[in-house]
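As written, the chain order gives the labels A, B, C and D, with residue 1 at the start of each chain.
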Amino acid sequence: MDTPGTDFTCADPGYVERVRGSFERQTVMGTFGIALVDVAPGRVVLEMPHRADLTQQHGFLHAGVVSTALDSACGYAAFSLMPADAAVLTIEFKVNLVAPARGPVFRFEGTVIKPGRTITVVEGRAIERGDKGERLVATMTATVMTVLGRVGIHH
Amino acid sequence: MDTPGTDFTCADPGYVERVRGSFERQTVMGTFGIALVDVAPGRVVLEMPHRADLTQQHGFLHAGVVSTALDSACGYAAFSLMPADAAVLTIEFKVNLVAPARGPVFRFEGTVIKPGRTITVVEGRAIERGDKGERLVATMTATVMTVLGRVGIHH
Amino acid sequence: MDTPGTDFTCADPGYVERVRGSFERQTVMGTFGIALVDVAPGRVVLEMPHRADLTQQHGFLHAGVVSTALDSACGYAAFSLMPADAAVLTIEFKVNLVAPARGPVFRFEGTVIKPGRTITVVEGRAIERGDKGERLVATMTATVMTVLGRVGIHH
Amino acid sequence: MDTPGTDFTCADPGYVERVRGSFERQTVMGTFGIALVDVAPGRVVLEMPHRADLTQQHGFLHAGVVSTALDSACGYAAFSLMPADAAVLTIEFKVNLVAPARGPVFRFEGTVIKPGRTITVVEGRAIERGDKGERLVATMTATVMTVLGRVGIHH
């Protein structure tokens, strides 16, 4: 059966550079201090430190900020498997928030569950690393589209 | 039958101030330039201008930033109906991204679909206002929890 | 802005017959006693009575049975707007269960929120009609794909 | 960090009988021919053969029928970790349909990702077993609630 995040083949041998290049054009990644720490076939890992200016009313990272990092991790995990001339478009995602995002450091993992010619399904995990070790903070399931030969796509 | 966004009764007559106070403690709202423009029973409206520092690789507002505003609109729509001593916790949300978030201005509407003692379901709409009028950019369904008498909640 | 469920134009003037024909080939609809009661551009309504053989442990209609009807209502709402030679494929859906599905009669409404060349977003509502009037039982958001010129699609 | 589906402790030593008993009261399970094949702490596995009377227009198992089995697998995975006097309530779920459900045999796995006092998050996988081996058919993320001391719950 399909084993998540393993044995995927990248159509484009230059997938690492392609993912890094697109990631660097996502201005919000720099604004939030999110770094791309790993790219593998069908899998991308991002990291960021806690940021007081990105918090909700109790001082935890806002769920939308966690979703920003998870969406990029998932989108680029799918993008790594796409042809060199494809654009990536997130159609939808669902996030479960399972613990307060305290930090001080967060890791965001995107792993392709099911690649497809048009539609790829990706799973995301947000994990915080603190005094007591690692803890799951949020999960994402994202549906990502491969867009070919269109000029004006949006993602 | 239940009609969304109408005829809800707020348990707390001070709900407007309560929502405004909590919104102001969400530091990320100020960081993103998101304003609270309307609070009604079971309904909250936010607005923000497009921001170049919050974009993805094609210059549109990142889906996670759209989700940040939608999550707060939905959470506070639910919060408006809660007792004065309750805390609000987003358990999960699902976002569909239906058009590129170009702006230049965005409105985010959160409307309670089904209030409940513990669980409230809220619908969000992100709408951009541009040269050609208004256009739907994204939808959210959020599941929000009322938390009573707990010290260490996270939202 | 896009107004849900209004002013949609059907590419195929024979959309009503096309929807009815496909609905009749969904064997599970007959098995569950689900009837197609209305087809309009971007909107489909189904109905079914409560059935004791389709219940969960407390005697209510199982959430998966509610989802079956909602998925078909949403899929056919999208299908009504598609070209005559298209096939319809549900990519994903999300369901919120907001009240026990007691019945004795259920109505399932699917309404297109955002039509698209490839991806259409549809909203579903399950409503029960009982002694005390109508009540919302469940909501769905479905992402539906238009499939053209492919032989072996699955929906 | 939390490792899905491992090392969970059941509050109730009689969890296997409790899950089996509730499963047997879900009339729809018998109607669909779904069997409970494994119960472990935080994990439940169901199986069913393909059924021509539960299909959509192309002869595949309807997505709602797949969801019925996934919802029960996820709900009972959560229920296995609950106190003896608790009731289980699915608040919401999201399903991605990644391949046509051909069969001839299906397995449905529910695995707790994050247990909680009130809210438990569960992941579901629907896998078909055919001539060419096993294949992922659908994924679910379900949000499940522990209900204590209430008379009229609905699941």
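Everything that follows uses one rule, which is that contacts are C-beta pairs under 8 Å (C-beta built on N, C-alpha and C of every residue); 3 or more make two chains touch, one makes a residue touch a chain.
On a predicted model such as this, the values are computed, not experimentally measured, just so you know.
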- Quick one: point me to the chain whose Cα centre is farthest from that of chain B. D
- So which has more C-beta pairs touching, A-B or B-C? A-B
- Centre distance in Å when chain B and chain C are each reduced to the mean of their C-alpha atoms: 27
- Euclidean distance of C-alpha centroids - chain A vs chain B, Å: 23
- Contacts with 2+ other chains: residues of chain B: 91-92, 94, 96, 99, 121, 143
- Residue numbers on chain D that touch chain C, as the complex places them: 22-23, 25-28, 31, 52-58, 60, 62-65, 67-72, 89-97, 99-101, 153-155
- chain A partner contacts - residues on chain C that touch it in the complex: 91-92, 94, 118-119, 121, 143, 145
- Task: Spell out the part of chain A that touches chain D in their complex, as residue ranges.
- Result: 1-2, 94, 96, 98-99, 113-114, 116, 121, 123, 127, 133-136, 139, 141, 143
